[in-house]
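Before anything else, here is the set of structures, which you'll find just below.
The same chain A turns up in both complexes below, where it pairs with chain B and then with chain C.
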Partner chain A sequence: MIISIASGKGGTGKTTVAANLAASLDQAVTVLDCDVEEPNLHLFLHPKIHTRENVVAPIPRVDMEKCTLCKRCMEICRFNAIAVAGKTVVTFPELCHSCGGCSAICPEGAVTEMERVLGIVETGTGPVPDMGFAQGLLDVGQVMVPPVIRKVKSHIDTQGITLIDAPPGTSCPVIAAMKDTDFVILVTEPTPFGLNDLKLAVETVRMMDIPHGLIINRAGMGDDAVYAYAKEQHLPVLLEIPFDRKIAEAYSRGDLIISRSNDLKEKFQTLYHDICRLVDAQRCAP
Partner chain B sequence: MKELVILSGKGGTGKTSLTAAFAGLAPSLMLCDADVDAADLHLIMSPDIQQTHDFVGGNEAVINQDLCTGCGTCKELCRFDAVSESDEKFVVDALNCEGCGVCVDLCPENAIDFPQKTCGQWFVSATRFGPMVHARLGIAEENSGRLVTLVREQARKRAREQHIELILTDGPPGIGCPVIASMGQASAVLIVTEPTVSGIHDMKRVGELAAHFKIPAMVCINKYDLNLDQTRSIEKIAKEKNIALVGQIPFDPAFTQAMIQCKTLVENDETSRASQAVRDIWHAVMASPAMKIERLM
Partner chain C sequence: MKIAITSTGQDLSAEMDPRFGRAAYILVVDTDTLNFDVIDNAANKDAFKGAGIQAAAAVSDKGAQVLLTGFCGPNAFKTLEAAGVKVVNDVSGTVQDAVDRFKTGAYDYSSAPNADGHW
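Coming up: the complex of A and B.
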């Protein structure tokens, strides 16, 4: 079972849900932080990191001895990352999407590839027994986010439970994180911004055709429009986390909110069972 | 002309609420919403859209089954796992296609079309505070960086034409391509953070990014009284990293109330503590060396 936790808007409590759900489960679980631009899960789970690996992508290297300045590499590149300038070929690694077009097309075999580091992936174990952990960290100044996410996802535990903390938004990084997961938990807050971004997130998961449900965080802080929308769209509200200064303070310190109440821990356990039921029901649906 | 970009790294720190409040404090400005992925600024600005343009963001490979001989070259070459074979038919999964065109150029049968795709829309609007350029990236689309660049270029162009000296840009979350696109050539960035472990972590990353691109950075702390220890750490980090601390805002339900009324913090309640703090921050930002508008004689 692979569950991703997402939200259109950032800061709605995605990471809070991922960390607390992971820590509430009685079974073995693997938690993956795919918000590689701003990974925060480690701040709440304090994992022990055992391995650290670079995420690399190929970029072209041109052998000017062989190059005849035919410009074919420049013509195939859709990202303006390689250009013939005067008597030489220049490359712009930060624009390169590593598509391999230039090396495939060069008639002289002048283009080979070398590695560029995009970021790192760390793996380790969580604070409780049986918790596996992995996170990606995009290098500052790099832009190729999806490859780092895909590398984090190579640590999915196909036998047990995997929770994925997805990045915010609705574009390529989120798609890369949610792809091929069994269920998406959408975390929102009952405010106009929260609702606006939730609608975009719902469109995204529907387009990807993944079963999904809602968690309303900071319930009571705003208005009821989110509830009306959930009802109208038949979105199951799986859990509400109350708007409570004590919870906000626990979060600010990096504490798990389930450590504040046993009641919440039970609710997270129920949440998992509800999700299992929803996934099975939708899978079995004709 | 000056451009201030408001960023946060982490979402939900009050970035957009602050941008909106600042807009109401500036005598004249151009607004630019560069959070094209999950834009919220329009909810408070209620823009009157005057122009709508399509954003053509890239191309997408489509295999023409009548011409394809099933040689498999495209599948072999595609680095993005976008080509799959089922029932001896090769098809491109649009969600995975990066638009690199390698298969298009190298298919021996010329069987692959490469139509342009409309990835979103961008708008020019009027608001009660001044003109606004904003956009909406289509669901699951790429190229958000290019759309950010486009809305900023348009905002600049229009500001120049209309002799507006200040552009206020609501930036995207994260530190990836849209954020980098939102920073280039900006006069300064203002990072809105909060005194939480995540807020601090993300502020550091955005601060590093700003330093990497040599853009002067300032920081303000929202909900500072939520955790005074963390607030002190932020002050310390800001000092170490040479980021000017321009103020702090108390934890105030006025943020949400204003949002529900579709008003800015200051419009909703001029006298709230948060409004007062926001006003002080705005003045500190505008008095900073990076943002001071020099008036040519």
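Coming up: the complex of A and C.
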């Protein structure tokens, strides 16, 4: 069972949900922080990190002694990451999507590949020994996020439960995080901003054809437009987390919000069982 | 010598386009004869990324040795530098004005890009 937690809008509570759902479950669980531009799940789970691995991607290297300036590499690159400039060829590693097209098409064998480091992936164990943990961290100055996310996702536990904390937004990084998951939890808040970005996220998840449901965080603030939208679109509201000072304080100290309320822990357990019912029952852990 | 000038129109009386990579047109003018080629930059204007790189390669292909423009970003500058095209940033007015002033030696070549890249 692989559940991704996404939102559209940032700051709605994805990480809160991921950390607290993970800590509420009785079964073994693996939690992956795929918000590799600013991973923060570790602040709540305090995992012990055991391994650290570079994420690399190929970029072109041009041998000017073999190059005939034919421009085929330049023409095939849709990201303009390689260009024939006068009598030389310039490359732009930060624009390169590592498709390998330039080296494949070069008739002279002048374009070969070398590696560039995009970031790192760390793995470890969570606060309890049977909690697996992994997070990606994109290097400063890099913009190629999906390869780092894919590397984090190589640590999915296909036998047990995996929770994926996705980045905000609806662009490539979010798609990479949600892809091939069994269920998407969309965390929103009952505000106009929350609703606007929720609509975008719902469109994205529908396009990917993944079963999904809502968690409304800070319930009690804002207005009821999110509820009306959920009803109109037949989106199940799986959980409401109240807009409560105690919860905000726990969060701001890096504590789990379930530590302040047994009631919430039970709700997170119920959430998991509700999700299981919504997904193909066969795929769920017993 | 041939110089490239970013332009909003297709003749020498047109106002310059301050942008390089996403300029409407780039005129490549022979400073001796005032004959010129027009690069229609429409495809680049709406490019997703790397407009400056493509424009820089096109300017070099047309044989320009100097580029006069308003703003030149880092990737365009790197490409122009590799191609041996010198850059003058912060130029404005009509294309004709720019050619005239260039011929009087009024411009200093820029040593660095003067706009940030776009992501």
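The rule is short, and it goes like this: the second predicted complex is superposed on the first by the 280 of 286 C-alpha atoms of A that agree within 3 Å, B and C clash if a C-alpha of one lies under 4 Å from a C-alpha of the other, contacts with A are read in each partner's own complex, and residues count from 1 in each chain.
As a working rule, a contact is a pair of C-beta atoms (placed from the backbone, for glycine too) under 8 Å apart; a residue touches a chain by one contact, two chains touch by 3 or more.
As the structure is a prediction and not an experimental result, all values here were calculated from the model.
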| item | value |
| --- | --- |
| Contacts of A:G10 with chain B and chain C, given as first, second, both or neither | first |
| Partner chain(s) touched by A:L43 [first = chain B, second = chain C, both, neither] | first |
| Which of chain B and chain C A:V117 touches, first, second, both or neither | neither |
| Most chain A residues touched (candidates chain B, chain C) | B |
| Which of chain B and chain C A:V143 touches, first, second, both or neither | both |
| First, second, both or neither for A:A85, with chain B first and chain C second | second |
| Which superposed partner A:R253 touches (first chain B, second chain C, both, neither) | first |
| Touching partner for A:G100 - first (chain B), second (chain C), both, neither | first |
| Chain C-contacting residues of chain A that also contact chain B | 78-79, 143 |
| Interfacial residue positions of chain C with respect to chain A in the complex | 47-51, 53-54, 56-57, 60, 75, 78-80, 82-85, 119 |
| Chain C partner contacts - residues on chain A that touch it in the complex | 74, 78-81, 83-88, 90, 92, 95, 143 |
| List of chain A residues in touch with chain B within their complex | 8-12, 15, 37-38, 40, 43-44, 75-76, 78-79, 97-101, 104-105, 138, 140-143, 145, 167-173, 175, 179, 189, 191-193, 196-197, 200, 203-204, 207-208, 221-223, 245, 248-249, 251-254 |
| Chain B residues within the chain A interface of the complex | 8-13, 16, 37-38, 40, 43, 58-59, 77, 79-80, 95, 98-102, 105-106, 137, 139-142, 144-145, 172-177, 179-180, 194-199, 201-202, 205, 208-209, 212-213, 223, 226-227, 230, 251, 253, 256, 259-260, 262 |
